[in-house]
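Worksheet: one structure, shown below.
Letters A, B, C and D mark the chains as written, and numbering starts fresh at 1 in each.
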């Protein structure tokens, strides 16, 4: 009988210890990871949108913009199980557009797109890619300027589908799957934005920070 | 929307076959496919483990991990469940089919680390399948795995009398043929 | 931070409980030693032990189903480790090495052009393979592919070459070969192997009574591998030095060169050269001897048969003791063959090499006087009777008991027994045509005889003596009175022989043995003065050892005083008594005695181990040629002059007992070796193939330096 | 000391993962599209392998054999998730490029393979040496495979030459997984030729 007890004891003990270790480690690293995700993922995408507006930025200017955007993040509680995050894009000091992130089904996993909407007109300002795992050299071309600029100033009720599917987005040759994913992400973002437009706009004027 | 089960099964077995399209579970693919009966034995074991694992991991994820928002230990919890199932299969085989147990050798415990099993479990969560879909998808993936394994075992038994350059004999030619087999499965890519 | 810990505890606990229950339900009693043994095994899963992989073999060993020595690939330390785990003691098992006889390869003729699956088994389905001789190597290399110890490589001449160092004896190649060309042989198998119908036998190998692999040692010699050549010869003939000098070489009659009207290859000169080189090397390189079996065998008679049986029995691990009536071993070799044909120095060297293996000797022990069979039976497990044939048959004419009339073997013994014989100025007449008669003539010449005459009742080419001997004696001035038979011996009043009367003969119809029966010509009696008459007209075994109790025990004799025993197994009617040599066959060649010595060894070995004695079915009987290898047309082979045997000049050899035949020079050896076509049963090397075969090996360059250090 | 060095060196040639012991294929085929990935993956796997080998051999007598697989895999998974978190927190860029493949380390057959075949039966020091040897062997194998695939498949060698295109028309085939199978097969053949002549 002793060996069965030993069996149960050892497995449970190891399970608990590892759970404990990971829990503790998670506590330790959670903040740092969030900051990293923000710094290396979300904000560069917003900076891409910023660049579409203001035109080419030198690396120092880009650093400054990214630094600035840190304080431009806003959290708004939309009844989802966690507060939604979006960014405010200022033009000549005044909030000009709002950028929020949504996902499309890419070639080998989710493709995250940060979409910018003009506050007044609701038209699209531009997009920036956050996370993707497309085939290198093929799918990754969606990041390039040629593809991204076509969305500048696109009207808010444009049919956000790839031309082949009857939409207005002309897909990258050879990367239809990735292009369709971007279109899908933008469509989701717009649907989310139009649905929660008022709450988002109130939050724009709040002080930055907000509840994490 | 009503998920089209037939399409799900076909895609799991042929289009994104866990082994020849997603390239998960290659170690047993090469290790066990030396002869037919071990390959069949392995496939049966994987079907059993994968289907059960699919169900339990779905339940664990939906009712425990999601509510407590501790997704990060998802890998840990899933792998523990899979390991228990594999250990269960190992004990069962040792008792009732010792011959198969012996011929599977090291590859039976290695089912636990079989990327296909954990991979499918994680895909079930990513695709946000319902329980029924999870079961169907897991079983179909496992069958796909079995199909690829048995197919490959058939080919490898032909190596016996083929004229193979000495250094490539055994695993070398196995890998090259696996590559070509995988290439042939690309043909299914565009079906759905 | 505690939530994940609780969740993991929950899952961990349930899993553990499930597994605990499963362990209980599916509990299987596993012998812990199995895992230990499996760790000790090499894990090659080669199947040599007959099990499907190492874990199955470990289980077999743990349950006692498989012996501790079952693992072939593991070698000694694995076996000892497993024995320690099982708590037993590991016994000795002879290592078995794969061996391949067929040297046909690309040169062998093919029945059809084969393009099927690259697998010998597949080709064997098609009319038994594409080879003309059905049991040759098909050369598809399946044995090479199945061997996973790297012991087999496809040689550049189209047949697999075994690397004995890597061979662990797992038997995978043997199972795969459809024509049984490659087989596992232990030392016992190799020593006790006899020619088989289903085996590659060159014509010369078929004719050699000792079944020596002649093309084998010739090829090794031409490549300069003289050490390997010696051990190859010694597997069949432990007395190469003696045989090289004395044997009339019946094998040369079968040489395939005869088919192109060319003189045969002098295998015997080469064998003698190889043996001399080994002797001159000086260092004693003893062959492998198996661990002692604790069985003792009595060998009565230290002649060639007794010596060869002692050599092989000792190598198989038994402990033989040789009893000999004379003061020293050698029998007819020492007391029959004179010094000029076989120097005693050479004889002693060869006998010593056998005794060094651990054979003990009791000389001056005469069966019937100093010891009896009954005494031997207490001390020994088996008895081999090989006393030879020393009794001379009588002339059968009156005056035989006159003084000065000696028997052949009696006369030849005198010199060796230091009995002074002075024939200076005397006239000697020798009656008989065999080797003993030749020895008597030439010895008496060397003892100062003024004139030596030989009487023989048939013609020259029916004389059983070696052709070389007959010519050499004639060169030394011995007169031949052929077709003449003695009728009367006339003595003076003191009873000393003065004259011999003989009668002219003619040849009539052939008698039972196929030789034409001589018929006397009436009235042609002639008288000749003579001082000494030596009768050498045939021998038969002495019978003074044949006591009554042996007769009751069932030991019977034939009309020629030889012992009645089973032709194949040489076992007499008394189970533990075996016979061999002249005592069984009657007077015969030295090489016949060696052959029967090895055959007797096989029977004794199997008798001691309680195994059945009969020879395997299809064993090659006697010396008839396999018809297949006769009607082969020899194409692409030119005639090459035979190498002459260098000899002492006549003048300086008849006055002393110096050895007549000198040793060949290395160049002559290479020249003669290149005449040998390395025949198989059917295939042989055509000239260009042979040149490429010999030149191809870089050993060619080493032959010169190796041979240059040889004795001249 | 010699047994330790032997345990260590055997992982580098005699029993080098991927070429000799054909385990750990899944990450090898998927991640070795660029040299940098191969190296990163190898290092991460080595770290996990060494730690898990050490801990498992420490507990080898405690854990009963019926639940040994479950316990080992939990330990390995714990290490992997820990590595994932640490990487995301402090080496974000590397964790980005390795992406999906860090969780897949836990199912990397090498780690449980070594635990099951070696750590379970030998002392801690030997297991650590074995883990390190195997890990470095694995990294070496991955890097060699990755170099071959990147050079032939994409025509560039990111880590070494940056963006410069070395091969005008690269064979896309090698960038995909079937190409990985074929490349590894050929490398295995090459290895046998080398070892045969090398011996």
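As a convention for this text, a contact is a pair of C-beta atoms (placed from the backbone, for glycine too) under 8 Å apart; a residue touches a chain by one contact, two chains touch by 3 or more.
Just so you know, these numbers come straight off a predicted model, no measurement behind them.
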Checklist outcome for this item: Relative to subunit A, the most remote chain by C-alpha centroid is chain C
Checklist entry - In terms of CA centres, which chain lies closest to the overall middle? => result D
Checklist entry - Which two chains does the highest number of contacting C-beta pairs join? => result B-D
Checklist entry - Just curious, how far off is subunit D from subunit B if you go by their C-alpha centres, in Å? => result 21
Checklist outcome for this item: Whole-angstrom distance, CA centroid of subunit A to CA centroid of subunit D, is 33
Next on the checklist: Need the CA-centroid distance for the pair subunit C / subunit D, whole Å please.
Outcome noted: 61
Item to check | Multi-partner residues of subunit B (each touching 2 or more other chains) | outcome: 70, 72-73, 76, 80, 83-84, 87, 91
Checklist outcome for this item: Multi-chain touching residues of subunit A, meaning two or more other chains, are 7, 10-11, 14-15, 18-19, 22-23, 26, 109
Next on the checklist: Residues of subunit C that contact two or more other chains, please.
Outcome noted: 3-4, 7-8, 11-12, 15-16, 19-20, 22-23
Checklist entry - Think of each chain as a node with edges to the chains it touches; is that a line, ring, star, complete or other? => result complete
Checklist entry - Once bound in the complex, which stretches of subunit D touch subunit C? => result 66-67, 70, 74, 121
Checklist entry - Okay, in this complex, where on subunit B does subunit C touch? => result 60, 64-65, 68, 70, 72-73, 76-77, 80-81, 83-84, 87-88, 91-92, 94-96, 98, 102-103, 105, 161, 163, 169
Checklist entry - Which subunit D residues qualify as touching subunit B in the complex? => result 22-27, 29-30, 66-67, 69-70, 73-74, 77-78, 80-81, 85, 103-104, 106-109, 111-113, 116-117, 173, 177-182, 184-186, 188-193, 196
Checklist entry - What part of subunit A is in contact with subunit C in the complex they form? => result 4, 7-16, 18-20, 22-24, 26-27
Checklist entry - Can you list the subunit C residues touching subunit A in their complex? => result 1-9, 11-13, 15-17, 19-20, 23-24
